[in-house]
Amino acid sequence: MSSGNYYNVTTWPVGNPAEDIGEVFNSIIADVKRRQAVTNENMGGKPGAVIYLPPGDYRLRTQVLIDVSFLRIEGSGHGFTSSSIRFNVSEDELSGLHELWPGGSRILVDIPLNEDDDESTGAAFYVERSGSPRLSSIEFSNFCIDGLHFTPDGSELDPENTYVNGKTGIYIANANDSFRINGMGFVYLEHALTIYDADALSIHDNFIAECGNCIELRGWGQASKITDNLIGAGFKGHSIYAENHGGLLVTANNVFPRGASSVHFSGVTRSSITNNRLHSFYPGMVVLAANSSENLVASNHFLRDREPWTPFIGVDNGLDDLYGVLCISGSNNSIIGNHFSEVVDVHHIRPAGAKPVIIRLIQGSSNFVSTNHVVGVAIQAKSGGSAFEAQVDALLTTETLEALPVTTVKVDSESVRNTILDSGSDTDVVVDTAVNAFRATPTAGSSLL
Amino acid sequence: MSSGNYYNVTTWPVGNPAEDIGEVFNSIIADVKRRQAVTNENMGGKPGAVIYLPPGDYRLRTQVLIDVSFLRIEGSGHGFTSSSIRFNVSEDELSGLHELWPGGSRILVDIPLNEDDDESTGAAFYVERSGSPRLSSIEFSNFCIDGLHFTPDGSELDPENTYVNGKTGIYIANANDSFRINGMGFVYLEHALTIYDADALSIHDNFIAECGNCIELRGWGQASKITDNLIGAGFKGHSIYAENHGGLLVTANNVFPRGASSVHFSGVTRSSITNNRLHSFYPGMVVLAANSSENLVASNHFLRDREPWTPFIGVDNGLDDLYGVLCISGSNNSIIGNHFSEVVDVHHIRPAGAKPVIIRLIQGSSNFVSTNHVVGVAIQAKSGGSAFEAQVDALLTTETLEALPVTTVKVDSESVRNTILDSGSDTDVVVDTAVNAFRATPTAGSSLL
Amino acid sequence: MSSGNYYNVTTWPVGNPAEDIGEVFNSIIADVKRRQAVTNENMGGKPGAVIYLPPGDYRLRTQVLIDVSFLRIEGSGHGFTSSSIRFNVSEDELSGLHELWPGGSRILVDIPLNEDDDESTGAAFYVERSGSPRLSSIEFSNFCIDGLHFTPDGSELDPENTYVNGKTGIYIANANDSFRINGMGFVYLEHALTIYDADALSIHDNFIAECGNCIELRGWGQASKITDNLIGAGFKGHSIYAENHGGLLVTANNVFPRGASSVHFSGVTRSSITNNRLHSFYPGMVVLAANSSENLVASNHFLRDREPWTPFIGVDNGLDDLYGVLCISGSNNSIIGNHFSEVVDVHHIRPAGAKPVIIRLIQGSSNFVSTNHVVGVAIQAKSGGSAFEAQVDALLTTETLEALPVTTVKVDSESVRNTILDSGSDTDVVVDTAVNAFRATPTAGSSLL
């Protein structure tokens, strides 16, 4: 009977969900499959099931293996709170804290790991099935996956600030269709979402922050969307990464620092990065690499400024200011109608004295760059001990600013036949007009009429 | 008591939800109305109810009639899987399939139909009420409506590939307000959503694919939104259709093939098609017809290529390559900042030897077309037996491509006083500059400075 | 045990949810905290709880005080219906109405108020906690907050049309992180959402209409999003208001009349208003005030026409047609690729005979205004007794229209070094080209090539 397809982890008779929710999930999934096997004998459907986690702390010591379609795992709270702030609070403040941990329907990832374990071993949820059809319509909704702690990385950083721990939230190992990740919270994982070979995937309205990497679409894929998320990776990883995808729509996301990149595409074609708010502390904010072609980057707000929070001062992604904020190796891309704010202290520009590059065409041909507005602002860098106060202060300061000279567009010699329109004045754009088309943004007194 | 407004189809005493969920719904709705009638005597509210479907297969033999506001029907799984792929699998692969049908909280539409039945007869959910006020705030959430099979259409196509069967998922027959369709799955229906006279409707985050038509907004309407959906109709129908709507927002959708059009507006005004990823196998991808005026089409990614999947090779929507990928009959529209990729085999262009038209202004006046980037690519068409592998291959192939000459904008003589800026070079645009304003995209060596 | 964190208001032993849901909520929250205190002794987590409201009418006489993180309040229906239409129905129609009130999981705000009460006293939900950390991950989902009636404002308006009653839906008094407002309905409140000091807030997919003010982000804040909502305030208030925010993303909203403004920013920086559909009856539709800088306003559809509904004819926000539809006091903003329709009766223009101003740069410097399309249409104003029929009629009428001369961009003398490109012809734009850069939109016969 259909009502048998509704499970609640707190009432399932096998295992103890507080001690090892993984054992409980695996036992439930085995039950779903056992019951489907009976149904299948008369060629009926296999509708899957929903597994519900009420708010609560659920330690996960055993990896969950999902190999059945139409499974929905649903909680009642994405439960994000900033572990990063909490771990950087001074000793005397610690005892006064109202709470120490994320909450909601919260899974505490506590799988025992060895140093040479495969990346997938540290995943709370491992999704894999061979044969046909691909797994379809698996849904994760409104619960929290918490990696608990980061671990030493050999540097002098506080271990809780390294963004590494070998843990992954959800690892989808092979081809899949129509999956849905909605309303989830991810925190303190080295990888939040690692997904191979996605078709018609939807990652929508999640909170994915303080993870080494947030969203990684690996292998290949098509026709997916990453929409309306709040996202922010650590300095070693990507907030959004995709390789060999076509028809991917990345829109309406608010991507905050401190990812090494906000969006990194490798060999991605015919896809969109439109209408996002992107904020980063380093160059290389958005990278179209490895012949990423025919993509649209439009109506985005790019803000690149500097890390203002004391524990991470001096940390960066290793790129200098000539690298470009938006870097393109590929052809036939459209870069239209974006706003760029570059807000830096001239004393921190690398190499010293350089003019930072905003849009850089590295390799390829026939890209179209039009109607982009670049604002360069020189500031006196400040920092602060409170993560969000320091950030808000930095964000809101615009009044007493000086203009910062920048190269709005730089076209390298290996990128040719590009068209650069209205994206910087004659002195702002570096381009060989013998092999590229160029129309400078008019300046006062130079009216074209 | 309020808890009486929560219903579960599997525990309701009337009917058998596995055999005829329609009878169960109608019995529950009658109960809601019976209880409201009592409440209404003392002029209290009529808060409606929620009806829950756990994951399961629910056959629907009796149409559900909804004539009460504030009803929410909620499942735990949109349950899409590709029936199209399954029905085109070879006989010997069939027995090895893990599952054969969509799943989740799944309604199997199995209403007996005669050939001369009215279109609405085949609807699983029929929503209608006369008098005032209009029905308000009916919500459909997170379940699957499956039409099961397509039927012969008189052609030589396999019946399962015809996209016709007389079935509709949800049919809303008259004026309505603040309805919400969220997280649903629709598959193998001739019409997924047919909605008349919508006000402040929200169709958000659904999976609507392998249906003859996906979203049809008929009659008239205003102030609605179609956002963040994965959508793909069949070759006879529309992925998104609207007529006589004002203030409609179509955004953040990923529309995949093979609809005859991705978006078709008829007499639609002051509406937006912005920031979508659109992919089609035919011309006529986006059509603004019947004096559709003052609309904004901006920041969209248009990809028009060719059907790569064997079962549908040779099928199309009947339009030739001079028709235009984006076609406008109307006035004062804004076409700004879109990317177009036209990727075709020159041997398949119709009429033979023609230069395909991308943006076509057919009739009207004073349209503004600016800053659109068109990429024409000539390929050697390939096809394959696996639907998604063939598509992904086609999508990702950009390296070994030749440029395809196209007409980026063609302004017919019956469309006048238009402004065409930076949307193609002198040789790419066909326009009478005596009655239209035109500024060509500069080419290398022709710098305006 | 975790299942203890799931509460249902209809089964909680304290209080009567139909008579005072506030007492029930406060009793449940006290229980959550009592149980957390025990857990905390062993330094465990405090996962919060979910409180469920089935569909039903719940009167709220006692304010709910929320001071615990990870609380989710969830209903099964946003329950909007137009109270505004109902209160303006003629006496003889009234008895024939199917229903009189909003529905769904509906809270009837009925807190006794005195005239000198603080604004927060009239809030149904009051969220406040001092100390660290900030409250995190409180979620409101899928229920209705109904203010029931408006009250006399000293004018001659019907009291039900004044948009004042001292009531607020949710009032968040101090710094907060990762809150989520999803799928809610708000109606007939003077303030729907008043939120101070928000960080990473998400207001997504709500229905907020017929409220004096809809969304107010006060104090300061960062990295938040207001996405995919249906919103419409009253003539005295704002549909969306934000002050001192950085990195705010306002996108994919359909904002209908009749707010005094659709979006009002005060001191907001590095934020986005992109890809919205905006409709207003007055000038001052979008205002960037108080040095709002480095913002992106792109790909929006602006429609400014006139109130067509009889009960509100003659009511407005007090601004004349020289004020501007989009008004900017600030620097380095980007205004790119927007569509504007100004549809007015020349007899109603104020001051009489004036050319209405569409984009106005009042104060600041270095704004970039490019590729905006402005359509001016002169109509014969009509009105009607039915709210939605009058609006739809007005929206769909484009055929028999005359062009209305407008000033597409006006740059005041206190705003300098701006760049105005392709946003109006020589005669449409008022700008001092000695201190601003200007390129007129070409007109027919004036081709730049």
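The letters A, B and C name the chains in turn, as written, and every chain counts its residues from 1.
Assume a contact is a pair of C-beta atoms (placed from the backbone, for glycine too) under 8 Å apart; a residue touches a chain by one contact, two chains touch by 3 or more.
Just so it is clear, the model here is predicted, and its values are computed rather than measured.
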item	value
Inter-copy rotation, chain A to chain C, in degrees (Cα atoms; steps of 5)	120
Residue-number overlap at the chain B/chain C interface, same or different (half cut)	different
Whole-Å gap between the CA centroids of chain B and chain C	29
Shared interface positions of chain B, touching two or more other chains	228, 252, 275, 298-299, 336-337, 371, 448
Partner chain B, residues of chain A touching it in the complex	1-3, 5-6, 40, 43-50, 69-70, 72, 74, 129, 131-134, 136-137, 139, 175, 177-178, 180, 182, 199-200, 202, 204, 220-225, 227-228, 244, 246-249, 251-252, 267, 269-272, 274-275, 291, 293-296, 298-299, 331-332, 334, 336-337, 366, 368, 370-371, 417, 419, 421, 426, 433-440, 448
Of chain A, residues touching chain C in the complex	8-11, 17-18, 53-58, 76-82, 85-86, 89, 93, 96-106, 108, 183, 185, 205, 207, 209, 228, 230, 252, 254, 256, 275-277, 279, 298-301, 303, 336-339, 341, 371, 373, 375, 377, 388, 391-392, 395-396, 398-399, 422, 441-449
